[in-house]
Structures are given as structure tokens and as C-alpha cells.
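One chain, chain A, appears in both complexes that follow, with chain B as partner in the first and chain C in the second.
Let's turn to the complex of A and B:
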């Protein structure tokens, strides 16, 4: 499973983003997106396109964790959202590893990505159902735990007198904490 | 170069704790010793504890000296009073000082309610279940301000919560505080009798409303009674978009 996590301000300004891979079931924590050439900007496109859904769900459901809210089938990307009370959005894009069986249909032009995507890690991860199934209750719970931990660190950032709302979060300690949360839960 | 791990743990934001002064002093002396190392312009407290290592509930039941608060607040009013054109301008500046505080308190309030589901001191009225819900309608938001927020700030709930009776202004709500803490040591001169320094608290409320997605203008007004000469009314005027959404959500049955 590969992840792309981003924090958006209430006015849709990206405050923080990070890409990482799973550390569960033998993963090494390095993101392996299906289309590595385009992943850098496509992930951002996919995540931002889910904002409309977030804004709709935001007023129907008072929970802070909105669960899995959007899917982008061409990249089999799943998006989970978490809303802070002050309006910041935490969005997590997760992409299950590519299984060898459906790799043929994914597009022949991406042969480079197939080599990366169907490497050793994917076969190991697909053995475990939690990692391979992004909509299972176990995955939802893991994402919730991850979001809650990031929220704690986000509150600490916000409480700093040198931070104003809408500022980019540059702290290397914060980045380290998010990475650690990812390693722990995802 | 000798201690790369040390720099890896550095922080861009300096520490904000009771021992900040002491920490910074030690830090500056330490900097003299370590000047040969490559500096990234980041400082970390000498005990290696960044704000991320501190627990947010640590100062939860801690109390501040009222004297120091009164002094600080008086200085804030004096600061805001410089270069203002009138009372309204002064209140606007106090409001702006409170606004960022409201945004922050909102996140802190939810974090503390979330992490302490067992103790229900903060999670009464609107937020009974854990994890607490974000307010979607006006009323839960007002209860959040009236109860948990007031308790976080002043250790007691506000004194009254009212809705405007006039049919022309259904978007107006009032929160009453009989004796606002911020005004306790403020004596307003006669020629400025309209001034209410609780405009600062109005700014905090405005920040909370805005943070929750309820665009609002909040102002503080004097409404003395015989028993409570310092009684203050916070008038919340919600924007058009909020009222429209309120109607839609009411139809949809969202509470």
C-alpha cells in the first residue's frame, strides 16, 4: 500500500504533504505508486478533486473522521478524510499494491511502473487482507488512529505562538512525527 | 558535523512553556560552545524537549495568576489604543487580537475533550458522546461557546444564551456574562463610556464561529443592571450564508 497524505487549510491552501509506503507486513515504508512518473502531480489532482465530496459530507456528518469518502478508479486510489474543528482538512490517498493478475489491464504504456509496483513488497502485502483491502473496517480503523495521532501533533503546531492559521507547516519534527504515525498504524 | 542526530531533531518553532526564558538563556550559552557546528538557524530548548514532546493536557488544570493576566490585558488595551481613531476602532483592534486565539482554542478544546472521554468536565451539553461532533447547526455551536469554551477560558459557563425576539433579525443571538473577567480591572473613563474591552472576548468567539464554518460578526455591549454593573452582552450576528445553510440542514433533518 502506498500513501499520500496532505493537510489543507480551510481555504484549500496545502499546508503539508508527504508520501510514504506501508510498513506493515514487511513493507519498507517507501511509496510505490502505480504510475511513478505522474504520481507526484496526479496524487495532488486526485486528492484535490475529492474536496467537493468533503465539503458535501462535512455538513451531513458531525464526526471529525469522515472515513473513506472518494475513489478514483483509474489509479485505484482511495481517499479518506479527517476534519479538524477549525476547518483544516487532512486527506489521505491510499493505493493498494498492484496485483499481478490485474496488471495487464492497467495500461501497457506503464511498463516501467509495473516493474516497481509488482515488486517484492506487493506480493507480500497482498497476502494480508488488511493491507490489500482499502475499505475494510480494519483499514478504516487504522486510518482513524493515524489521523488522530496526526491531529494531536497538528494541535501542538497550531498552539505555537509563532504559527498563524494558513501557514505552511515546515517543522522537521512534525514531519518526523507524521512519518512515525504512518509507520505505526499504516 | 560531529552530532548530526542533534540537528535532525531541531525545531523551527521555539518553545513556549513556563521555562522558556530559562531555556533560551541556556540555549544561547550553548550556542557559543557549538558555533563550530553548522547552524540551520533553528533553536531547540536545552532539554531537547520541543513543543511536540509536551503533552497538551499538562497545563489543563493549571491556573494563571490573575494579577499577571490583568497586567498583560491592560497592556494589550494600551497597545491597541495607540493610533486608533475612536472607540469603534479600538474595539476592532481588540477583536482582532482575540480572533486567532479563538481558532486555536477550538482545536485545543476538541483535542482535550477527545483525549479525556472518561472525565466529562468539558464534554457536557452539546458534546456528550466521545469523540465529540463538530457543530453543524447554530444551536450546538452556541452551546459549545456557552459551556465548554467558557469553562476553558473562565472556569464557569456563561450566564445566559438568548435568541433575538425580533422577527427582522433572526440571525442574532446573545450570550451574556454578568461579570466578565477581562473587565474586572479595567476602569473605563467617562468620555469613553461606550467602550467595552470584552471586545477581546468577542474576538475569541468570532474566531470560534469562523473556525467552525459559521461566518459571524461578534460585538460586546454594556448592559448594566443594578446587581451586575459590569454585565456584558455578546451579540452574535451570523452571515446570510450561514442562515441559508441552516434552513437547508433543517429540512435535511441534520441536528
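Let's turn to the complex of A and C:
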């Protein structure tokens, strides 16, 4: 599972972004997206294209956590959103790792755990990971915990007197805490 | 030791009964804004910002001592060690609800350190990431001025400065306070 997390200001200016991989079930915390390294901007395209859905969904109920709101099937990218009362948007793109081609179908995760070799370890990691199924309630819950923890740290960061509203968040402390939250929950 | 425990009892008692409280975040954000504004006004000249903060503190301290004595109703300290306990256990307790540790005395009892385990002024703060603030700015420098101003009004000339700050990545926040001299009461020159 690979994640791309970004914070957008109320006027859609990116304030912060980070890419990381799962640390659950033996994951090493390194993001492995399906795009080649030269096409990482695809993550930004996909995540920003979900903003319309976010804006539609944000007035539907009073929750700050909007759960899984958008999917981009060609890259099997799933997007979860969280809103802060001041209008900042936290968006998390998650992308399950590519399963080996011969394991497509219902038994995919089972055969994955029996496979040996390079493909085996990644699909075994995904099979028992919280996020093996990006729309499952466990995943929603894990993402919620992650968002809440990031939100707490976000509040502390924007309370710093040297931070001006709408400025990019450069704080290495904040980055470290987001990484830690990712390691803890995702 | 007994003077320290006595002082801490006085501090606790005053904190509970005589002190008006305000929201800690109000204090933190107000002070943070002042420092950030100073940094902007002096265009990132952090030495000048330190100096201004010290001066502001000095002016606060000169008045604050009056309030302190009125609230606490304590008498003159017998020696500088007792003064240190008063500052830490009563002064900081009633104005900031913290009690920094008094330690690292020199053998002549004229210098000590205050170690701040917590510092309400610096909650949420991260110093600007410009490569200089971390080495030059003493964010809570106003406290040095407060001590200098307050003690000057009770006949003690002191010098106070920070030697480390957790905001800079140090392990502790430490302020060094040294007694320069007791200011003697002097007769006006032409009264004889």
C-alpha cells in the first residue's frame, strides 16, 4: 500500500505533501506507486481532481472526516478526505500494490501468500494489512485515526507565531509527526 | 532546603487564592505575536530583537515587583539563595504557574541557573527556519528583563541571560542569573 497525503488551503493552494508506504505487516514505509518515478505528478492530478467531490460532499453532513470519497479506477487510487473548520482540506490517496498478474480474481490474496520470489512478499504484506481492502470499515477507521492525529499536529503547527496563514508548512517537526502517524495507523 | 519548601508553599497558596487566571493560549499567542512582529520590524536582526525583549521585560519587572510584594506580602530575603527560591517558587508560580528548578550554584553563591521544564510562553513555537534564528534568537528573552527589572527595584543588580533553549534543539531551557552587586542606599549628595 502506498500513500500520498496532501494539505490544501481553502483556496486550493498546496500547503504540505508527503508520500509514504505502509509500515504494517512488514511494510518498509517506502511508497511504491504504480506510476514510474518520472510520473509522480499523477498523484497530484488524481488528488486534485477529487476536489470537486469534496466540495460537493462537505456540506452533506457535519462531519469533518468525509471517509472515502473518490476513486480513480485506472490507477486504483482511493481518496479519503478530512476537512478542518477553517476550510483546509486533508486528502489522502491510497493505492494498493499491484498484485502479480496471475493472481487476478477472487483467490488473489491467497495465492499471493503462497507465491515465492519477488512478487510474494509485497502481496503477502498487503493481504493482512489494514488497507488490503481500501473501502473496508477497518481502513476507514485507520484513516480516521491518522487524520485526527495529523489534525492535532496541524493545529499546533499553525498556532506557531512564525507561521502565517496560507504559508507552506515547512516545519520538519510537523513532517516527522505526520510520518509517525502514518507509521502508527496505516 | 527549608526556605525552598516554605517558598513553594507560599507560591501554591497564592496561586490558589490570590491570583486571577487567564487562558494560557491567550498568553502564548499574544507573546508569540509580539516576538514575531519584532522579528519582522527589525528585519530579522535577532540580536536587536533579544535586546528589545529584554528591555520590555525590564519595564514590566519594575512594576511587577510591586504587584508581587503586594500579593505575597513576603519580607526581605536573607541571602541570594533565598531570593532564588522566591523567584522560582513564588514569582514564577504566581505569574506563569511554573516553578523552574534552581540549580548550578557557584561556590560564592552569586550565580545560579533556572531550568525551565515547561515554558508557557513557548508552547506551539517553532523558530523560523532561516538558519539564523536557531543560533541567535532567544525567544523567551523577556523573562531575563523581568528578573533584572524586578530585582533592581529591591536593591539587587543582576545580570540574566539564556544559555540554552529547547526551541533551539537543546535538551533543556536554562537561564543563568548572576548577582552583580547589592545596590546600597545612598544619601543624596548634598544633604549633610
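In the analysis below, the second predicted complex is superposed on the first by the 161 of 186 C-alpha atoms of A that agree within 3 Å, B and C clash if a C-alpha of one lies under 4 Å from a C-alpha of the other, contacts with A are read in each partner's own complex, and residues count from 1 in each chain.
Definition applied: a residue touches a chain if its C-beta (ideal position, glycine included) is under 8 Å from a C-beta of that chain, and two chains touch if they have at least 3 such contacts.
Keep in mind that what you see is a predicted model, and the values were worked out from it rather than measured.
Visitor: Chain B versus chain C on the shared chain A, clash or fit?
Guide: Clash - chain B and chain C, as placed by superposing on chain A, overlap.
Visitor: Considering only touches as defined above, state whether A:82 meets chain B (first), chain C (second), both or neither.
Guide: neither
Visitor: What is the contact status of A:64 with respect to chain B (first) and chain C (second): first, second, both, or neither?
Guide: A:64 contacts chain B only, not chain C.
Visitor: Based on the superposed arrangement, let me know which partner A:185 touches: chain B (first), chain C (second), both, or neither?
Guide: neither
Visitor: Tell me the contact category for A:162 with respect to chain B and chain C: first, second, both or neither.
Guide: After superposing on A, A:162 lies in contact with both chain B and chain C.
Visitor: So, A:154: does it touch chain B (first), chain C (second), both, or neither?
Guide: The answer is first: A:154 touches chain B but not chain C.
Visitor: After superposing on the shared chain, does chain C or chain B touch more chain A residues?
Guide: For chain A, the partner with the higher number of touched residues is B.
Visitor: Looking at the overlay, what does A:33 touch: chain B (first), chain C (second), both, or neither?
Guide: Touch status of A:33: no partner.
Visitor: Which of the two partners, first being chain B and second being chain C, lies in contact with A:173: first, second, both, or neither?
Guide: In the superposed model, A:173 contacts both chain B and chain C.
Visitor: For the superposed three-chain arrangement, which chain B stretch in 9-17, 135-143, 189-197 or 243-251 runs into chain C?
Guide: Among 9-17, 135-143, 189-197 or 243-251, only one stretch of chain B overlaps chain C, namely 9-17.
Visitor: Pick out the shared contact residues on chain A: the ones touching chain B in one complex and chain C in the other.
Guide: In the superposed arrangement, which is not itself an observed complex, chain A uses residues 156-157, 159-163, 170-173 for both chain B and chain C.
Visitor: Under the touch definition given earlier, write down the residues of chain C that touch chain A in their complex.
Guide: Chain C residues touching chain A: 25, 28-29, 31-33, 35-36, 39, 123-129.
Visitor: Looking at the complex, which residues from chain A come into contact with chain C?
Guide: 156-157, 159-163, 170-173
Visitor: What residues on chain A touch chain B, complex-wise?
Guide: So the residues of chain A in touch with chain B come to 10, 58-60, 62-65, 83-87, 148, 151-165, 170-174, 177.
Visitor: Once bound in the complex, which stretches of chain B touch chain A?
Guide: Going through chain B, the ones touching chain A are 8-14, 16, 50-52, 54, 56, 100, 103-104, 106-111, 114-115, 131, 133-136, 211-213, 245, 249, 252, 254.
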